[in-house]
Structure formats: C-alpha cells, structure tokens
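Next, two complexes with chain A in common: one pairs it with chain B, the other with chain C.
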Partner chain A sequence: MNNRSQLGWTIAAVTAAVLLALLWAFPLLWAASTALRPEHETVSSVFHWLPQTWTLDAFRTTLSAGNMPRWLFNSALVSLLVTLVTMALSLCAAYAFSQLRFRGRGLLFGLAMLAFLLPFEALLVPLFRTMHQLGLINSYAGLVLPQVVSPVVIYVFKQFFDAIPADFREAAVMDGANPLRILWSVYLPISGNIVWAMAIVTFIGAWNNFLWPFIIVTSNEMMTIPLGLTQTYDAFGVRYAQLMAAALLGALPVALAYIAFQRRVTQGFLAASGLKG
Partner chain B sequence: MEMPVTATATVRPQAMREGLPAALLLAPFALVFLLFFLAPAAQTFYLSLTESSLTRTSAFVGLANYATLVQDPSFWASLGTTFYFALLTVVPLTALGLVMALLVHRFVRVQGWLQGAFFLPYVLPISVMTLIADWMLQPSSGVINHLVGGQRAWLSDVHWALPVVAIGTVWWTVGFNMLMLLAGLRNIPAELYEAAALDGARGFTLFRAITWPALKPVVGTALLLQLIASLKVFGQTYILTSGGPYNTSRVTLHYMYETAFTQSDAGYAAAVAMAFMLVVIALSLLARAVAKRAA
Partner chain C sequence: MASVTLRGIQKQYDNHSVIKGIDLDILDGEFVVFVGPSGCGKSTLLRIIAGLEDISAGTLEIGGRISNEVEPAKRGIAMVFQSYALYPHMSVFENMGFALKLAKVPKSEIEERVRRAAAILQIEHLLDRKPKALSGGQRQRVAIGRAIVRKPEVFLFDEPLSNLDAALRGQTRVELARLHRELKSTMIYVTHDQVEAMTLGQKIVVLNGGRIEQVGTPSDLYERPANRFVAGFLGSPRMNFFEATLTGKAGRSASIALAGGARVQVAADVARAAGAGERVTLGVRPEHLQLVRPGQGDGIGATVALVEYLGDVTLVYAQVEGSEEMVAVKSDADTAPPSLGSRVELVFPATRAFLFDEGGDVFAPAWTENAAEPLARMP
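Coming up: the complex of A and B.
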C-alpha cells in the first residue's frame, strides 16, 4: 500500500516536471521556430509547428535593417560601464563601512540602506529633472549614472568583508600599507567569487533595465536592447519572423551569460535578495 | 581618572587616522548616492507640494496636489488595477515557484536542466517576453488561438488583458521565487528527513511533517517580496496593452508616468509617487516584521 502510493507520487512528480519544463521552454522554442521561417510562412493560413523551409533570412534582415546592431552596442557599453563603476564604488564603500572606524559611519550606512526601502520608480520624475539640469538627457552618462547607485551590492560586500578574520588586515596594517592597497591586495583576491557573482548579476540587471532607458533616451540611436525591441514594429513592421529573430538576438547575451555562469548567477541573485547564496 | 583618558586616547587617533582614507573611499559612492538618490528622494516630496511642469517649478501650493489625489478616480482606479495585478500574480508565482523548487530538489540528476528551464526567462529583458507573448497571442495567426480555437484579441479584451499579462509575468519571473525556495529547501538538515524516514514517514507525510514547517518562513518572505515586486508593475502592461483597453490595465506607475511625461504635470505626478512610495514602504516594513517574527 505504502509502496504503491509512493509510486503514485513519483509518477505525478515526473509528469509535473516534464510538463512544466516543456511549458517553460515552449515560448523560446516557438520564437526560434518562427524566426527560422521565411516571413510568408508566419501568416500562412495553414498552421505548422516547424518551418517548412528553414532559413536564417530573418536574422540577417534584423541585423542589417534598423538599428539593431547599434542597440546591441549601446546595451553592451552601458552594461559594462554600469558593472565596472558599480563594482569599483561598492567595493571601496563596503571596505570603508566594514573595516574602517570613522565618525558618522553608522549614520551613513543607515542612509545608504534606506535605498532598500524607497522604490527607484518613485524617483523617476526628479531624476529626469536632475538629468535635464545636468544636460545629460539622451546621453551615455545619463544612462549609466543613476544605475551605479546599488546599496544592495555594498551590503553584500560589507557582509562578506565583515566575515573575514581581522588578522588578515592587521598584518598588512603593520606593514604600513594604505587602505586602498589593503583592499586591493588583501581583500580583493579572497573575494573573487562574490565579486564575480555580483558583477554578473549587475550586468544582467543593467542589460535588462527597461524603465530608466525608457525615461532618459529620446532618440532611436541611443536606445538599449530592451527599449529598442519595443520599437521593432516601427523598424520591421509586423513581420513576426524578424520580430522573433530580434527578440532572440536581444536575449542571447544574457542567456549565454546565465548558461555559462549558472552557479554564480544564482548565487548572486540570492545574495542580492538579502538571502544567503 | 586615568582610565577614561587612556580609552579616548586609543580610540581617537584611530578614528582620525582612518577618517581620511574612509572619506576618500566613500567619496565617489557618496557623490552619486547624493545626486541620484537622496536629492531626488527629497525632491519628490518637495515637488509634490508645488505646481510644476516636467522641467520648471512654478508655485508652492501646499497640500493641494494631495487634496486632488484623494478625489481622483483615475488614481484610485490605477491603484485598484495594480492590486488586481498583485492578486493575479503573488500567490500563483509563489505556489508555482514552490512546486518547481520541490521538483528541482527531488530530481537531483537533472536539476541543472530543470533549474535552467525554469530560471532562464528571469534573466531575459522584459521586451523579449512581451514580443514573444504578443506573437503567441496574435488574434489570427497566434499559437494560443490555434490551440484554443477562435480569434480572440486577448490583449484588447477588457476581461483578458490583465490576466494574460499576469500569465506572461509568471513565465518571466517565477524562476526567482523557485531559486529562493530551493535555497530554503537545501537549508533543511538531511538528518530531519532521515529521522522521519526511520519512523516510516513517506511522500506527502514527509512533506507535511518536515518540509512545510521548515519552509514556511521562506514562503512568507517570498510572498511579501513578490507582493512588493508585483506592485511595481509597469513595463509589461505599458508595452503589451498601453494600459488599455479603456485604461483597464493602467497601473499606478503608468498613471504617474503619464501625468509627468505626457501631461507634464510633475507636481501632481510627484504626489502620486509619494502615495505609491508610502504603500510600498509600508508593505516592505510589514514584510520585514513578519520575516523577523518567523525567523
């Protein structure tokens, strides 16, 4: 009896796993199946699950017509800059918060952590006005700067530094090394994993950011991928093979980053959510 | 008399010695934080007390914007839509995340594949989801209508627009909840299961006796984090339905965006932002209190 009900559970679990996995893979597979057809097949009155003629035309057109290459370049540049600057700022700040004693430390840290509570979305209007005053509307600097304020990354690094035994630092302090040097040659080398994890997560977040580019970008040439993809009807018309090719091309860099660094990415997302990785 | 003097003498120099390097290390972050976070936060509040266009501040009007806000049916409708979206997403996203986490946890040999399939959509840009959803839901040649029959225009249907956006959102973001709950599952000590198994517990009994009690706090946290995330909905509805039909899918952030950027009424938009912020902060604090009590 017991064994039989256990077998029932196993069958149910296997079925659920297979069905859910297929259901979750389906939209991307369907996008691929659409992108690999000639355009006329997408509006054909006869329904086919697979292309009747396999072709890369949609990808070719997508990459040559419209601003797709430019959007990919913008996204890559902005995401890289956001990642590098965020890592540099956050490592320095986290080291100061974690290892140095100075007046106002608690107050400053508390203030930085306030950003956990305030939703970025509520700051859009004044941020836009600030950018307008600085003359940074529709510029790379305007795209990058607000995205480098990432208290959660500081929090994660600070927690990591807090857990490092004090003798590590004391030896270097005795040698008379300055804090920046200690951070660089003592702390950074042993923080490789967490820095990588947060860097990848920051990169993916910047690559996918829709809201801020949506507010700050005013010309087609300055768009990033998430924003540009919403303009594809204008660029390609209602051509579904090309639209799906564009979607897949926009997905590819982050999908590859995830597949290549699956462990680090999941560790990073968990750390960023405030839970342990 | 000697003691306090010695104590301050050892603390003070250290604070002074490290004060300068600390200031240098913190300066870059402090600058961007001030310019692009603290100042805008304060400015949101100030703007909400003024009559302002998108780029110019005109007159201080006190609480007039708030007086308008509480009587603005469009604002309340947008808040209602936002909570309806939360209703459609919070529990399904958490429950499905739990099912997926349990499956990944159980089928160890294929866990990389399974986890990959469930989590991959989460790392994709929002517009990849919306493009594919739009194509699948296309009235005449979309795959959904092929499967269910008919030619329904899902995204311009008063009853269906928001639910289908919610379904797209579930596909897109459930991976994160799965990940959180999976981490929770892995934190349950194996000895607990071994002990229960020795007592003859199997299958669902095991889940009810060990897994569920241990996982409950994580589920609670997931629910509340999801609630906050769902309240911040904007991109999905904006891209897929433009808030339509008849504004039935226009959420609060969309209303704020329109007020500020289409109607150039930044003062009133700031008041909407303040109200929105208040709701989110209240729920975040609640989330934290609940998580602390559960832990």
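Coming up: the complex of A and C.
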C-alpha cells in the first residue's frame, strides 16, 4: 500500500470513529443540555440545542427534594454487596470446577452452565415467592441475593483458571497451602485483571438493574437509582430537566468507577480473550 | 536425610495402567536418577513420591514411615518443577519463604533461612526481584532455593534443566552435584537426558512402559546392560544392533550369522540358548566399531552414507550390506574419514559386543572390562 492510499484509509477510519463517538455521545450531551435548563424550557415549542438560560436548578431539586441521596446510597451498597458476593462465590466455584477433582464435577458444572439458558424474567415469580416466604421483601438481602449467582462470571473464571499451568497449584500444595489458600494467595493475584474486569461489569450490571428492584422493592426508602428515576414526575407530568439530572447523577458513580479501572478492565478482557495487550 | 522405599507401586488412570509394579530402594543421601523415554512413567513415579498422584496399589515409605496417605507438605520433601512454578506476583524472597510462612515459622527465622539458601545459591542480590525480571538460569536457582529453605529430607527434581540452554545446563549440572555434596540430602531426579543421568546419578533407574528395566550405577548400566532396551537407551549415538542367528556355541563363545551373511564370534555365555538357529541380536557400541578397507578385516560389509565431523570425534554412518540398517561408528577426529559412498568393512573386538536373545535379555558377556580385545573374525 502506498503512502497516499494509507493516508486515505487513516482519514476514513478517523472520520468513522469520530462519527460513531458523536452518535454515542449525543444522548449524553442532550441529557446534559436538558438538565442544565429551566423546566419550562424543556417543553418549549421552540427548539434550541443549548439552554437559553443556564441553571443547576434541576440538580438542586433532584438532590434536595427527592430521595436521591438515599437511592444513591442504596445503589452503592447493593451494587457493592452484589459484586463482592458474586466475585467470592464465582471464584470459589470456578476454582473447584477447574482445579479440584471430585465425583460429579462435570455434571455440576453442566448444571451451572444450564442457568445460561434461563432468562432472569423466567425466574421472577419463583424468586419473588421465595423472597416473600423468607420475609426479604424491601430488604437489602432481598435485593442482593438473587443477583449473586452468575454463570457467565463462573465460566469466564474457570476458563482463565484452566489456562493457568497446574504447576502453580501443585507447587502451592507442596508448600502446604489448602485449596482456599491456593485460590487466595496464588490464583487470585495471578488473575488480578480478569477479576477486576468481571467485578466492574458485575458492579455496573447491579447498578443499572431495574427489573429485580422493581419487583422486590415497594418502599421509597429501599429504592435504587434506576427505580428512583421513575419517581421524578409529579401531577403535572414528567419533569424532564429533573429526570435528566437524576439520570446523570445516577450514572456518574458508575462512569467514574469505569474510568478509574478502565485500564484493568481492558487488560482483563484481553487476558480472557487470549489476546495480548 | 531419609531413605525412600517403593514396594509394588502401581498407578492406574481409569483402566489404563501407567506404573506397573515398581520395587525400589533409595538410600539415605543417595542421588538417584529416573531416566527413560517420554511416557515411560518416570514423572508419574516422582509425582507419586511427592504425593501429587494417588497410589493405586503398593506401599511408599519415606524415612521408614508409610506415606501413601500423608499430605505432600508433610512428607518432608520438596520439589523443583520443570517450569520452576515460581509465583509470578511474589518477589524471589516471598517465593522462597512462602512454604515457611504457611507453616507459621517466625518472620526472623524465615528471613534467616531464605538468606542462607540464597547465599548457597549466590542469589542474594535477586531477593527483591519478581520472577519475570530473572533469566532462565536465575529462575532455576530460585526454584532450587525454594526447595532448600524447607530443609527437606528428600529433594525431587522434575526435569529441572530442560528449559536451559546447553551451556547453562552443563554449568547447572555441576552446581547440582556440588549442592548434593554439601547438603547430603536424598535427591531423586527425573530426566530423559542420558547425559544428565550419567553425570549426576549415583544410581540410575531406567524405566520403560511403567516398569523398571534396570537399576545400577552409570557404569553398570553402560558396561553391563541387562537388556536391549537399556543398551540402546544409554549412549550417544545409541548402540548398533544387528539381527542375527546363532550358529554355534562353544564354552563362553557364540558363533552367529548376520542377516547380511557375515559370520562373527562373540564372547558371551549362551549356555541358556536353545541352540543353533535361535534368533539373536548383536549389539556393538559406535566407539567399539572400527572401519577397515574391504578385505582387510573380514568384517561386516557396509557402504558409507554420512560423515559428521564433531571436532573431537567423527561419526560415520554406514549402510550394512543386505539390510536396511544404518550403523554409527565413532572414531578420532584425527583419523581421516572414508569418503561418502565408499565400501568399508566393520570390525569390532569380540570382547566388546553384546548378544541379546529374542526377548531382548542379554546373554551374560564372557569378558571383563580389562580383557584382551582380539577383533572378531569370521570363523
């Protein structure tokens, strides 16, 4: 390929990337533009790309009038618990399926993977009945427990552990480590990036989960952010500026978390895919 | 230090038997090498001693204690893996001290033992580095250091030099021998490399197909192989074999006819042979064969197919007349090699040849290392 055609391809690729980025960013920018105008401007018949009057009123109202701080706290607590418990359970299960030899191992792994085939919606009613019988409606336990079983995470960890040379485990066995110690002191540090990647994905999934909190929570005090967003309307209809302000505030912690761990997440996915970074 | 005793050790995976009844005594402080071709069961046997594989049948004793069900970490052994298996996220110091930390040894003692082992191996300056910052040879030393700090009664080595280049392998072999002299521990070493086996082992165990073919000192195995497998496995190039038929036996001498028609005599006790007509195999090491011009030696006719000059020696490969077999002849590099395609005759001392029966077992050689060495002649 000569230099001229190579330059042409580069320009085309950069242009396509910029267009795709704008397409992706447009809803975000529009939400920001809406959240920064007075409420009456959001329903004005005259279209403006930018606010005619710049104001943070929507953010102030969202943070003061609604139950936003509480919902943020609930989302943070639930997402954190879901992430921690999912990681702990999935790491243990994946290590057992990958490294331990016991009767019925293949069958159990097959059963765990079968859960892939069941959509969460199909489990809503039995899960709700179970939570109801356990008295966990409107509780953190009720919010967290059904979200902590993740066949995808188990599968990804197992595949990763399968690729770690067995010599590490055997060396640790010779050193006197038990399975839990081997997982904690050897496999977990070796798998650092993929664990971070799965943790972030699980955290974002739990933060954005609407359906299960919608089923299990009826109390305003126990709502998470996605559920709380449905409350940002009053008798006069939807308040768009407040809705967008709440959405931006709700998405902000996740976005910050992703940005903070972006490098580890990318490395983790590269490691899981077998590609080198 | 501890002895290791194996009695009737068997290992099966599903219905496939990989170790088929091993009886072996390894003495206190002995350096024993398990050697054999790929798949012979040598690594499995080592892993059985380590406790990384269960025993299907038989008894394993370490230091006089039956250890079949004892956990690996409580057997008083340490193992150096082929891949070294250094934990990549830990420093050299942490790698070496990990077992002691798990055993809840006080920090000051861990420090002291790690530093002492590092001093023995001259790796004190590497203690803060991660394994990825080490060369292959340095990793190898750390892996040995990790074993040393545990003060084991028995060291197990699973092909520890196979990832090193030739120069480093030679150097590390010398260091391992020194280490054995200094520590005086029992060491069991697995390799498929016969040079490592011959140079390191006080006792060599040759394995094949899950069974022991022969146990002995390096010179025992080289000079007095029990069967054709051992004779062919040790030595480079390997021993030359000629299919033949027994034509007569007189006292401690056997007359045989080679497939190509040549007739030779071998100093071997063939009293147990059935008699003339029995199929046998003649074995002669490359260094005991000589090339002579046709008509000069009444030897085995052959045509030179390849000449390899190795500096100190020259290897000549020749095609034996009347057969597909290629034989190797090792001679001094000073001797002018024959030209390619030239006809030669192969002669050898009757007191340096081995005769094997149809099952591969050797007929006891009727000669000693110091025996006179007349060349084998056609009768």
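What we mean here is this: the second predicted complex is superposed on the first by the 227 of 277 C-alpha atoms of A that agree within 3 Å, B and C clash if a C-alpha of one lies under 4 Å from a C-alpha of the other, contacts with A are read in each partner's own complex, and residues count from 1 in each chain.
Everything below uses one rule, namely that a contact is a pair of C-beta atoms (placed from the backbone, for glycine too) under 8 Å apart; a residue touches a chain by one contact, two chains touch by 3 or more.
Remember, predicted model here, so these are calculated numbers, not experimental data.
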For this session: Would you check which partner chain A:A21 touches, where first means chain B only, second means chain C only, and both and neither mean what they say?
Result: first
Problem set entry | Partner with the higher number of touched chain A residues, chain C or chain B | B
For this session: Using the touch definition from the top, say if A:R181 reaches chain B (first), chain C (second), both or neither.
Result: second
For this session: Report for A:D167: first if it touches chain B alone, second if chain C alone, otherwise both or neither.
Result: second
Exercise. Which partner does A:G106 contact after superposing on A: first (chain B), second (chain C), both, neither?
Worked result: neither
Exercise. Touching chain B and also chain C: which chain A residues?
Worked result: none
Problem set entry | chain A residues within the chain B interface of the complex | 2, 5-6, 9, 13-14, 16-17, 20-21, 24-25, 27-28, 30-31, 34, 42-44, 47, 88-90, 92-93, 95-97, 100-103, 105, 108, 111-112, 115-119, 121-130, 132, 145-146, 148-149, 151, 154, 178-180, 183, 204, 207-208, 210-211, 214-215, 225-227, 229-230, 232, 240, 243-244, 246-248, 250-251, 254-255, 257-259, 262, 265-266, 269-270, 273, 275-277
Problem set entry | chain C partner contacts - residues on chain A that touch it in the complex | 165, 167-168, 170-177, 181, 185-186, 189-190, 192
For this session: Over in the complex, which chain B residues touch chain A? Could you list them?
Result: 11, 14-15, 18-19, 21-26, 28-30, 32-33, 35-41, 43-44, 47, 54-55, 99-100, 102-103, 106-107, 110, 112-121, 123-133, 135-136, 138, 140-141, 143, 146, 171, 176, 179-180, 183, 202-204, 221, 225, 232, 234-235, 239, 253, 256-257, 260-261, 266, 269-270, 273-274, 276-277, 280-281, 284-285
Seminar exercise, completed: The residues of chain C that touch chain A in their complex are 50-52, 71-74, 77-79, 81-85, 87-90, 98-99, 102-103
